Every structure is written in C-alpha cells, then in structure tokens.
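I've put the structures underneath this note.
Paired with subunit B in one complex and with subunit C in the other, subunit A is shared by the two complexes that follow.
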Partner chain A sequence: MTQATIDATIARGAAQGVARRGGRGVKPKLGRDDWIMRSAMVLIAAFLVVALVLPLYTMLSKSVQDKAGEFIGLTNYAQYFGTPALFASIYNSLFVAVISTVVTISLAFFYAYALTRSCMPGRSLFRGIALIPILAPSLLPGISLVYLFGNQGMLKELLFGHSIYGPIGIVMASVFFTFPHALMILVTALSISDARLYEAATALRASRMRIFFTVTLPAAKYGLISAAFVVFTLVITDFGVPKVIGGQYDVLATDIYKQVIGQQNFEMGAVVSVVLLIPAVIAFIVDRIIQRRQVAQLSARAVPLEPKPSRRFDATMLAFCAVVGFLIVGILGVAMFASLITYWPYDLSLSFRNYRFDLMDGGGWESYWNSIEMASWAALIGTAVIFCGAYFVEKGRGFAAGRVLFQLLAILPLAVPGLVLGLAYIFFFNKPTNPFNFLYGTMAILVISTIVHFYTVSHLTAVTALKQMDPEFEAVSASLKAPFYKTFWRVTVPVCMPAILDISIYLFVNAMTTVSAVVFLYSADTTLASVAVLNMDDAGDIAPAAAMAMMIVYTSAAVRLVHALATRGLARRTQAWRRR
Partner chain B sequence: MRTIRMKTAKRLAGSFLGILAATGLSVGIANADTELTVYTAFEADQLKEYQQAFNKAHPDITINWVRDSTGIVTAKLLAEKENPQADVVWGLAATSLMLLNDQGMLEPYAPKGVEKLSPKFRDSANPPSWVGQDAYAAGIAFNIYEAEAKKLPKPTSWGDLTKPVYKGSIVMPNPNSSGTGFLMVSSWLQLFGEEKGWAFMDALHENIGVYTHSGSKPAKMAGSGEFPIGFSFDYRIAAEKSKGAPLEVIFPSEGLGWELEAGALIKGTDKLEAAQTLLDWAASREANELYNQNFALVAMPGIAKPVENLPPPDKLEAMLIDNDFTWAAQNRDRILSEWQKRYGVKSEPKE
Partner chain C sequence: MTMTTMNPPQTDDLSGAGYLRIENLSKMFGVFAALKSISLEIREGEFVCFLGPSGCGKTTLLRAIAGLDIQTNGSIFQAGRDISRLPPSERDFGIVFQSYALFPNLTVSKNIAYGLESRRMPRAAIAARVMELLQLVGLPDSGEKYPSQLSGGQQQRVALARALATSPGLLLLDEPLSALDARVRVHLRHEIKHLQRRLGITTIMVTHDQEEALTMADRIVVMNHGVIEQVGTATEIYRDPASAFVADFIGTMNFLPGVVTRPGRVAFGGVELDCAGGVNGFAAGTPVTIAVRPEDVSIRNIDGSKSNSFAAQILEMEFLGSFYRGTLIAAGTPADAAGETLTADFSINAVRDLGLADGMSLSIAFPPDCIRVFERQ
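And now, the complex of A and B:
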C-alpha cells in the first residue's frame, strides 16, 4: 500500500458522496449501541469544532479588529489593499503558482501516461521514485537548488546569468514537491479508462495522436483539472520554498510570516490569511464539484484497458521517465551530498560536522526527537480518532442530519492552508480566557494542529475502506446480540487494517515534514526538526539545514519501509479472506 | 517561538488533561526547579556554553531559551506587553531594551558587582534598568578567492562599496529582523547625517544581492562565496574564518557601528528571585570571561583577551563610532519604516 492508494481514495471516497444509508424503510428503535455511537460521534465532531471551526472564526473576526480588539470593519483590509507592496505579493503568488502548475501538470501527466499506458520496464521503480518528494520537507528542494544553481552552484551556468533566488527557484522547487501529488491523481484518472473506446477508435483507423486527443485527454479531463487545482493550492499556500529560495521575491505566504513573526502584527497577518484562504477555498469547491462528476465516467460495463507493447513508444516513455526520475533523485542526492561536505565549496572532504545540530539554531538534536515524538502521537491518536469518526458516521444508523454535518466538518480541513490554521490557533488558544489556553505552547497543540491539518485525506481513506465492508456484518452481529464495539474490534478493525496503517503512515510522514502550521505554534521546549531546517537556513547554516532535512527523509523512508513490511505481514494474516 | 505558561499549564493539566498527561503528552509536569523563560538574541552556538556554566553555579534554575534575531525578539516583547511571557532578557541589543524601558516594561535592578562593570556598559540610572554584557561591531566579510576570481578590488571604506563594480556582490542583514542590520543603518545615519546617509544606502541598495533575516547569514554566505562580500559582525566573521573560510575581516575606515548586548528583568515576573540570580551571574567575572571567548569587548574592564582573527580589544574599540544609543532607540521605529519603504520591496525579479 502506498501513498498513491491514499491520495487516490480522495477521488473515490468523495465520489461516493456522503452517507446514504440513512432511512432504510422501517425506522428502527434506538438501542444502547446507537446512543453510544451517536455520543461518540458528537464528541469527535465537538473536537473538530474546537480545533478547527472556532479558531477559524476567531481569525476571521481578528481581521476586522484593531490591536486593542475593537471592531473596525474593513479598515485592515483597506490598509492592506492600499499598500502597493502587498499587491505585488498577490501578483507574485499567482504568477509562480500558475507557472508551477502548468509545468508540474505537463510533466506529471506524461509520467502518469507512461506508468499506465506503456509497457516500459521498471514501472514500479519509477512510481516509487516519483513519490520520494513526499518524504521530504518542501524546504529541501530549495536548499538543493542553492547548491545546484546558486552563485557558487555546481550547474549555475545553466541559468545563463539569471538568479536562482526568486521566481525561477520558487517554480523549480515547487514542481519538485508537488509532482507526486499531481502524479497520483493523474495515475488514478488514467487508470480508469474504457478499453472499448480505444478498440472503437482503432477500428476506425484513428492515429495514435488522434486517439490521444479525442479519447485519452477527454477521459482524463477531470483528473487534470483536479490535479491542477491541487498543485495550484499547494504552491500558493506553501511557505517553505519561497522562504528558502525566494530572495527578495515576496509572496503571500511569506508575507504572513513576516507580518506575524517579523513584526508581530497579528491583525495584518489575519488579513493576509483571509486573502490566502480565497484561492484555496475556490480550488476546494471546484475540486468537489469535479470529483462528483467523475463517477459518471465509468459504467459497469467498461472493460479495463491493457496497454500493448510498442517498442518505439515504450522507449520514448522510458527515456522521459528516466530524465524526470533522474532529476528527482538528483535533487535529493544533492541535499544528501551537501550535508556531508565539510565546508562548501572550499573543503570538499566528507564529514558529519553538519550533523552536530547542538551548535546551531533551531533546537539541536532535541528538535529531531521532538518531531519523532510529535509524529508518533499524531499517527497514534490521529488514526484512532479519525478512523472511529469515520466508523460512526459510516456505520451509525439514523441521525442523517448529524452525519451529513460531520462529513462536512471532516472535509473542511482540506480547504484550510497550514499557515492559516497555525495563525488561527494563536488567536484562539493564546487568549488567557480560553479554557483550552493551557494547551498553548505544548506538544499537545502541535499534535492537534497536525491531526486537523491532515484530517480530510485520512478520513476519506477510512470511509472508503469502511464502505467496502458489507453492512451484513453489523446486521448479523446485532442479531446475535453482540454489542457494536465487539464487532468493531473483532471484525471491522482487522478487515480495515491496511487502511488504518495507511492513515497512520500518512499522518506520521506529514507530521515529520510539515512546517506551515507548526511554525507559529512551537515553543522553546517543543522545537521541531522541520522548523529547525528553516531556522538554520535563516541563520545561514545551510549545510546543517540540508543535514536535518535529510534526517527527516531518512526517518520517513525508514518508517515507510517498516510500514510496507508490516502491511505485507498483516495482509497475510488479516486479509486472507480477500483471496479465493 | 512560544513559551509554555507553566503555571496555568500545571494547574489545569492535572484536572483537565489527566488522561493525556498520563499517556505522556508533555503538558508540563511539576518539578522542584524554577524554570525561567529567557528571551535572547545571543548566537545559538553561544547559548549552550552560557547555560552550562550558569547551571554549574545554579543547578536549581532551568533556562528555557526563546532565541531569535534581535528585531524578532524585540517585536515579540513589545507584542506581549500586556501579558509578558518572558521573565528575563539576557543578550539583547541595548537599543531595544531602552525602547522597552520607555514602555515601562523593565524592572530596574542592580546585579551584585555591577560597580565592577564599565559605566559605558550599563544604564546610567540607579538602579540601572539594563546592564550590558558585551559589545559587537559591524564588520565586512570579504571572500578573497571569489574577489580574485571576479576581480573585485578590496574595499577599505563604506563609501567604496557603492561603486558599480560591486553590483550584486554584497549581502546585508535586513535591519527589521536583524540587530546587526539595524546598528549599521543607525551608524550610517549618524556618520553621514540623515540625508547623506539615505543617499549612501540608495547607492548601496543597487549593489545588494539579497537582504537576509539574520546578521550571521551574510558572514556565512560570504564564507562560502555565495556572495563575495557580507556585512556582518566581528565575532561571526572571525568564527567563520577560524572554521576555514577564505575570508578577510575588513573594518571600514569611516568607523564601525556597534551595539551593546544587555540583560534586564521584565516587570511583573513571578520568578523575581531566580531572575535576579541569573542577572547577578551574568555580571560576574566568570560570565565576562565566557563572553570574551566570542566577543572582543566585554563589560568588565581589563579582563578581555584578544579573540582569534580579530584585532586586540583596544584597537577595535578605537574604531567604534561615538554611538548615540538614546537617539537610536528613539528613532528606531522611524528608521525601520523608512528603510522598509525604500528597500523592503525588491519585488520585481532582477532580470
């Protein structure tokens, strides 16, 4: 099971829509089980309200207040839009996001096309390589690009005198870290095609090119749009890349950071956050609409397309994938290499000097261990909460309104950029009057923000897995008078184990690599590895920053590997029923 | 960086978060030590040593550092004025502390042995609102390899650096975030006068490659040759050179901007005793000798030994400008917003 499975389920899970099994003829009498399940669901919903809705509301209201907390209407907005410098940031953000989206989608589409429609050798290897960027914080490609194309870079001639510090660097690094996200959606889109259409086209003697434009592209249309929006949102809300390699090129995400951290101007930070929320919300809505339509694409009678070998085509595709794969591995390799160089570029001997984090900004090795602790908690608690939430909403009976509302709450985090979530948390949890104020500055708030930030994909993964289970299980258990939690523990959890593991690994890896939400929330005791990368880069310790970024990659990769082995072992034990 | 509000955390953690705490989520479990939240702009590589030495003398006081560049720490302290999170400040620009003092945020205190410190290094009021630890001065990190490769002449004055030959070769800290950046801007305005000072910076701006977040980064970038000339501060350039960077430390002939790093009590701290203990120790001979490992100029006269790759303390002191800290503190806001207006947005990419 890979990341691909998880991301692909966004499409499927959402496509199946919200719970439909509400009214089933006779209205059953509510038993004790129903009440427990409902209360548990309400409890998790309450968690989402406290950890998502209320902070967002506080942030929105902050943006219409002055420093003293008085309501001042849209004055902050007027001030924001009255500053030409900040307008430049909007333009810059849109500019790099559009260019990055076009480049990423083009590359990812052909890569996905090669993976799904050709018989080239090493397809699973190439698929694996393409997913590497997910294991790294988005700061890593920025650092690598400095080594490659900076003023002392190994390949700086390739830029023909242009500076890597600015839009060129931002676009290149953004393409690197968004590539796997686009790829997974496009692979899913290209996988579900109807071979009958191709047979018909071939029978009509359409050329390969013509088939591509009249059959392939239209069929993948929704996947393309969806992937484009995902990439666009990722780039416009990402903060690590422009921070490391943006130079003096200001974008919205770095503006928020500068306003909040640099000038401690929280109200203006809130205004920029709201501005940043707009493209993210639009992308989110469009994405929802599109994914609902995509279901209709595939009818029950469709025949899956089996690619046929073609030497020239396969060779071309192989060459293309080899180049892209080489670039991905190359960027990672540069960071690895940079972290081991004693003093770039004058002393190229190898040493572990850059791994002596205790002499650097960012909290030293403790940050690394904090990250491990945070990621473990997020994976453990997050998986339990999210899976249970999905279970109650999916398998509960009646209470349709509540379940629809829960689904909505569970989908909402996808539309909220991490930076905005983090800032909202400051506003909400740092108020001395808030009963949850004690969470502020603790490990717990980092765990909570991470779970909420990555809630949606995990939730949809769980829902998809649960939908595959026949409701008969519950019916039989109920008729045997087994309480629901017994069925849950003895049947549901084992059957859904692959999905549960997928969720936990997804949460763990993202908790290791994320910067955006936690950068506002960490304290002196809870510094994190990903934030340390940022702080070390700020202090000019770029090689140690590369070293810490590599520690994150090694850790994510190792956990992934363990997960793969565990999934295989577990599959043998708990999934035997799937085999015939 | 945010700090734990220990008291509230402890009180509520017990009743509220029993389960979470039991499972190990560190919400701050009670212990006998006093925990001090110390805001600082000391360099990360100095903190560990200072902390270890302090804890040798006072093992019962735990320091929770909140470290960032000068401008950030200052902004943070000002933002938290109504609800201060820090107990003590240790190693922050005196200009910033004077600003905080004007806002009534400091608790005057005369550390034990303060009379042994040079009067120049402490607030003139009695008891002083802030007491200095060390001074650091502006300097230029000049990468000799890259200069030779790019045929850059060696600059000897600030004025030299506005020449077109240096276009795109200089990196300097952003004064809004970096104390080093601010002391430079403030010194140019004092040396050349307001009008000529800004004109100088206008010309300099044409030669700047990037403005950095921290005052250390330019020395490190110059060290690796990313930009051949970095405006930074004495200790950082010397340290990079000691690490093997092909750098020459240049002190421009017009004179050097400089800044004191000082400590102070934050008014309203509920850990006054521990905070005073920290400031007492920070003024001790032992502490001053420790500062001297990094800084050529320290508060206690007569003990400073030369720092590797830097001129002897008296020579360095002679190069410092006659810095008017009161003027700098009073005009800090105005200078910074003017700077931001002129150079903050280099939004159009340089093609």
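And now, the complex of A and C:
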C-alpha cells in the first residue's frame, strides 16, 4: 500500500465512519469478568449498606422521635442540652481526650524517635514491648490501675489523696492502650526520611537541635497530626476505660451505655450517640485530608537514613524507653499478678481460683470460647469479604461511579464509634418488621458488627497491598484469555498473602478485645470474654475480671506468635520468588 | 490480504483493506480530547510504530486497540471483525508492557504457559510450546527461575514469549524497551525486529524514542496532540516530513525565517534559495519557515557562483565524537538578530581538510532538494 492509498483510506474512513457512528458514543460491551466483578462488588456494597448505612440512618431518625416513634423534631436534643448532668459529659470527654492525646503523642514520639534514630541496644525488644497493649482489651489497664492506686491499691499514696477513679485514671489507662497505635504511625513517619537532607544540614553546620526542628519535625509533621487524631478518636469513643475507672466522672461513651442499659432510654442514647459521632467524624475528615497530602513525601531516589552511634544520646534514649517499657510491662504484670492472687489484699497466696469463671457471673468459660469462635469467624469471613471488596474496587474495569461509592462505604466505618454502631444495630435489627431481624441475638450479628467496625483499616491495608501490584496484570491476563478469578487465585492472593494474614490477625485480635459494639448485642447464649471482663468488674469481681482480661491477652499473643511463625514458614515456602 | 467470509466487509470497498482498521477514533478524558478522530490502517504482518512526545495520545490509541480503555467514538476492525465494543478478553492480541508485568510468584515457564492453560491444552503440548518459546527468545535454561532472578532484558524477553505463546493475531508493545539500559535496548531492538519478521505477526509498538521507531518500524505513525501528523516509512518521514512538527521531532532541523519570492524560490536574509521540492503551495510574498537538516548543509567546493550559497561565520564548534556540530550565522545578519543562528554538521574530514575553527568565515550552501518550506508559526 502506498502513501496515496493510506491517505485515501483515511479519507474514506472519515467519510463513512462519521456517517455511521459519528456523534453517538461507543458503549463498551461487558465481558463475563466484568459482570462477575461488578455483581460481587455490588453485593459487598449491599452488605455495607445493610450493616452500616441503614442502622446509622435508623439511629439518626430515632434521635428525633419520641418513645412512641412519633417525629418530634429536635425536642430530644433540647432536653439533652437542657440537662447539665448530661452535657457536662461533652466537656469531660473532650478534656480527657485532649490530655490523653498530648501525653500519648509526646511519649510515643520520643519512643519512636529512639527506635528509628538511635543506636541504642534492644530496639526490637522495645518495639515488641510497646505493642503489648494492642493484645489487651482497654479494660485491662483500668483494672491494673485499680490494683495500683485504688482504695486498697499498692501505690495509693503516690496520688497524694487524689482518687484514681476519675480523669486521672482515665488518662493513665487511655495512654496505655492508645500508645501502640500512635507509635506505629510515628515510627512509619520517622522511618521515611532522606539521609541526604541530614547530610546537607550537617554540611551547613546546623546543630543537632536545629536539625531536629528544621528537618526531623517538619518531615514527621503529618505523622504527628495523624497520630494525634487517631489517639483523640480512640479515647473519646472508648468505653472500657471510663467504665472501669471513671467512677462518677461521666463521659459521652458511658452516658450512652447508662441511657440504654441503665435507663432503657433509647432515644436519649441515640442523641448522645449523635453528639459522640460529631468529634469522631471531624477527626476522621481531618485525618483523611492529611493522609491525602502525605502521599509521595519520599522520592524514589531518597537515601534511607542510617543512625550513627552516639554514646550520650543512645544512653538517654535507652533510659527513656526503659522507663516507658517498664510502665507498660508493669501494668500488664499487675493484671497478671492480680489474676493469680487468691484474695487481694488478705490472702496473697497464688492460685488459679480466679480463673474458675464458671463460678462467677458473666458467662463463665463459655464466654471465652464464644469469643474465640466469634474472632475466628470475623477473621475468616471478614478477611475474605474485605480483601475481595478491595480487589474489585482496585482492579475492576470501568464502573467509575460505583467504585467511588464503594470506596466511600469502605472508609465510613472508621468514623463510627463502636458504641454508636452497636446502638444503631439494636434500633435496626431489633425491629420485628426488619427482614434481618432473625440475626438479632445471634453469633452472626456479633461477627457482622465486628467486621463492619474494623472494616476500614483492613480495607486500606488490602488496597495498599493491591496498589503495589503491577496495574497491568489484569490487562495481561485478559489478553491471555484467563478469567480474572484465575489470576486472582494464582497471582493476586499469593502475592498479597502477607497483607491478607495481617488483615486476618488484625480482625482476630480486635474481635477478642473489643467491647464497645458488642456490649449492646450479645445475648445469654453469646456472651463474650471482653464483655465478661466488664460484667465481672461491674459486679465487683475484679480479680476474675483481671483473669479473663489476661486470658484475652494470652490468646491474642498466642495467635500473634502463630501468625509470625506461619508468616515466616509461608515466606520460605511460597514467597521464594521474593528472594533473588 | 484475507478477509473472513463470516463477517462480510461493512464498507463497500475493502479489497485492499488492512488487517487492523481504525475509523474516526476519538477518546475524551472529561473535556480533554486525547484522540481526535484518528483513522488508520495496518496491513497483516506489518511492524508499525506509534511515535510522538508524551501526551500525544499514542498509548491511549494502543489501549483502545487492546480494549483496555475503550474509545469514546469511532470503530476498530481486526481481520474484518468489528471489535470496537469488545472487552480485552474477547479480542485477539498479545501485549507487552514497559513494566513487563510478569507474575512475580510464578516461574518463567508458568508465566509463559499462563495463556496456554486457559485454552485447556494437554500438559505435554503446553510444556513443548513453552520450551519452543524459551528457545525462540534465547532463554532455554531459565524456565525454572523466578522473574526477579532475571535481568531487565531477560524479563522483557519472557514477557514477549508469554504474549506470543497463544499465537495472537496482533502483538502490542507498549514502550517495551524504555526501562532498559541503552546497550540492552539496542540489542533487544534487533531481536524483536528479527522475531517479528520470522513470525510475520502484525505488530504495533508505542515509543517516544525516534531512533527505536526509525530502526524497527516498517511504517511510523507520528502523533501529536491526539492527531496523526504523518504516516510513512522511516525514510519518508525523515526525508520528507509532512509538517514542521514532524520535521522538528524526527532528527535535528534548522528552522529559518524566509519569504516566498516566486514559485520554487524563497528569500532567506539577502539570498534567494532554489527549492527543488517546491514551496508547499504558498503564494509569493508569504512569510514561511525554511527547514534544512544540519547534515545537509554543504561546505565543500563552494564559490560565490554556486546557487543557494552564501557567506557565513562559525560562531562555535561542538565536538560530538564522530562529527562536529557548528553554530553558524549568515554574513550580514544584524547583531540584534543573534538568535537567528543555524547549525551545520561537519565531518571530521572536512574540519581537518578545511581547517575549520571558531570565528572562521566560509561559504555554505543549502542543496535545493534538501530544503522544505512550512507555514510560518
């Protein structure tokens, strides 16, 4: 074909093509893969709508209704703000959340700094110690503090007459259980640093102090803000700590519980939930905006910073970490000790008497096994659903509007406090007219609420792992006529296996330790270990409560250990391709 | 050229039509038009390069052909079949990406066998075909290795083998050599070209590297801002650029201001130049741009009587290894027009024989058949 015929062809195509197709857009034909992927994604989205959006909506409408279900506008809110005893909790909640945030972030920042920027010995040990609180329910530090500083506490004098029951106790326990969350974010923020910036600053003869303020802090800025919001949200929405050690100091989370469980005033519970939702949603939005800005802080050409030994600095950092580490281990140790003492403070002999849960209220050993069952289901089903959802949204073709909507649904749970979710479930699933009413009071609703409650972090973990995969894998396999599920099984899942295991362990441990959502949802047949801790503590059986809390810690730790070993074994067997 | 009889031609005359036919293809990203009514035909067994600067739409066009990003308007026919709306899995092509996109957890053999397994071939046949392909791309002993154990060039060969395994009718290469070292790149260029000739597979390669396009392609499609600027062989595009853009993008080109004086002649500074190729249809008095390649500027055996010659001065000479590139200015050019310099390439011989040096004055000439005339921008 000569140039002339090509030109002629172009002209001919132009003449005829326009006549036949011009103006109207091309409507892509959907392949079988597209149909399956979209249907599956819609299905998961429908799950999130039923298990998150509709219950929240029901709760919001409940807050503007009276007991008979009639719409009464903002009357409930007026009543709430007209009752000083109620809205004083807003101030209390904000107060303890802000103080806890400041303390946690300060401690966690220097701890993270020591882990990433010093050459002190035992860094991996200290990292491990700092993560211990994740394994425990937030009730545990509360119980330990009662043993340390309570009315019969070992170190009661150290408080100089102040009571541990109240803001002091809440702040101390909150710092304990939020510390690892802040630490993980800050370690990440401080690990991504460009050595060349430090070399440049040193070459310009900046002092260590000046480098810290002009290079280190600005680089860690987003991490700091993000960690602060995470801690703030955790504290303000936490229910376990103020329940155990708050005494007469009312906060929003305990108010919801009291309104609903104590006074059966569901409408007022809904109003407090909405009030609690506001700071959580604000923190959530700010955090989202910051996360978006943080992208690409580190260029691909950056040189990772290797800390250099410095005797005085390393010693200072070691001393600091030793103190913090001692406090963390100490609080855990107290709970462990408390669970083994026969009858504090009269009979100090050690025994397993407190582990005979069947003699106490709270569901006995049954509740422990229920927790194991619930956590296993949540890890199994949750991981499958969440990873598949992330896969469809990340790797699907077209359907942009649907995917954006799905992302939104997947991020939303992070903004919803567990207590609020639990209460919303009561409103939604307890209605006899609801077709899903059969779920109420079953193990299934506990599993569902847990999956939804911890959906977002798992989803983001999955998305991050999927984003690291070559975006052209799907294109290549389509060109090779391989259905998407074949590539999903043979490539995506194996490559993402570390992330998948991370998600499952995250779901399992959180299902073991969570109290907030499930405290409204368990039934006589489905009591849980974490709820048992709460109820035994409520009944004054503090030692058995400590024992059950320790059972949760042992279980979480054991599962973590198995996970670590499994990951290592798996890495050796199936991830051989990672090694060169 | 074969047309399947199952799908009768939809246009009246397709007797000389190509294997792949693109008609009035447009692609919009929001309000941005990435492709503007592209029409193109590619013959069976042809190696075509889409060449252009980044953002010109070449990759968008490739992805539309693959069905990965379906066009907003227009149609695509492959072997007479309308594939415009089809998802990638229902089209017939193999694709190689810049990133190789090899499945990292599968061995080289498993990667190559991936597409074969989907067709339910017997295991022995798959193994034989994989071996054949490994031989073809020169990696007979690497079957059991993982992609990360191979060099970039080797990985790209595996990607090529995987794309060819199912014997697709069309091979799409999306900047396949861009991630490789210069030396490996030149080597692979030849290999891919030979392989393509041997298999006779219709191939489209997207590249921004003109050298790659010039050495590999049977035909080059030069694109810019979502339109095709020119389609032609390497020599056609180099010797006879259809637009100032093509002239500028391919090779090096002097662009000088001129004015058409009469048919076939333009004035540049004080000289009137004879243009063998005509003046592109511009009327006398029209300001135009004169284009001359640096290697076409002649400096030997020129006296004042030779046509198209004029005096110039060498401002600067740059040593480029096998030749010198000189920056020159025509004699009598006012000092304030210092920007209007031109470049000329001098062979090492010429520099030695004529004793060329900075600041030297000499006579130069633009051979009449080496001058192109374009619209003044």
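The definition used in the following text is that the second predicted complex is superposed on the first by the 549 of 580 C-alpha atoms of A that agree within 3 Å, B and C clash if a C-alpha of one lies under 4 Å from a C-alpha of the other, contacts with A are read in each partner's own complex, and residues count from 1 in each chain.
Simple rule for what comes next: a contact is a pair of C-beta atoms (placed from the backbone, for glycine too) under 8 Å apart; a residue touches a chain by one contact, two chains touch by 3 or more.
All of these numbers come straight from a predicted model, not from anything done at the bench.
Novice: After the superposition on A, what does A:K481 contact: first (subunit B), second (subunit C), both or neither?
Specialist: The answer is second: A:K481 touches subunit C but not subunit B.
Novice: Look at A:T233 in the shared chain and tell me whether it touches subunit B only, subunit C only, both, or neither; answer first, second, both or neither.
Specialist: A:T233 contacts neither subunit B nor subunit C.
Novice: Once the shared chain is lined up, is A:R490 touching subunit B (first), subunit C (second), both, or neither of them?
Specialist: After superposing on A, A:R490 lies in contact with subunit C but is clear of subunit B.
Novice: Applying the touch criterion given at the start, work out whether A:E472 contacts subunit B, subunit C, both or neither, answering first, second, both or neither.
Specialist: The answer is second: A:E472 touches subunit C but not subunit B.
Novice: Which of the two partners, first being subunit B and second being subunit C, lies in contact with A:T514: first, second, both, or neither?
Specialist: Touch partners of A:T514: none, neither subunit B nor subunit C.
Novice: Is A:D358 touching the first partner subunit B, the second partner subunit C, both, or neither of them?
Specialist: first
Novice: What is the contact status of A:A85 with respect to subunit B (first) and subunit C (second): first, second, both, or neither?
Specialist: In the superposition, A:A85 touches subunit B alone.
Novice: Do subunit B and subunit C touch any of the same residues on subunit A, and if so, which?
Specialist: Subunit A residues touching both partners: none found.
Novice: Going by the contact rule at the top, pick out the subunit A residues touching subunit B in the complex.
Specialist: 85, 88-89, 92, 146, 150-152, 162-163, 165-168, 247-250, 261-264, 266, 342-347, 358-362, 377, 426, 430, 432, 437-444, 447, 520-527, 538-542
Novice: Which part of subunit C faces subunit A closely enough to touch in the complex?
Specialist: Result: residues 11, 13, 16-18, 21-24, 37, 39-41, 43, 66-68, 70-75, 84-91, 93-95, 97, 99, 101, 103-106, 114-115, 117-119, 146-149, 162-163, 165-166, 168, 228, 231-232, 236 of subunit C touch subunit A.
Novice: Which residues of subunit B touch subunit A in their complex?
Specialist: Touching subunit A: residues 1-5, 8-9, 11-13, 16-17, 20, 25-28, 37, 44-45, 48, 64-67, 69, 71-72, 75-76, 78-79, 83, 145, 176-177, 209-214, 216-221, 223-227, 243-246, 344-351 of subunit B.
Novice: Of all residues in subunit A, which touch subunit C in the complex?
Specialist: Listed in rising order, the residues are 1, 3, 5-6, 9-10, 12-14, 16-18, 20-34, 397, 470, 472-473, 475-483, 486-487, 490-491, 494-495, 574-580.
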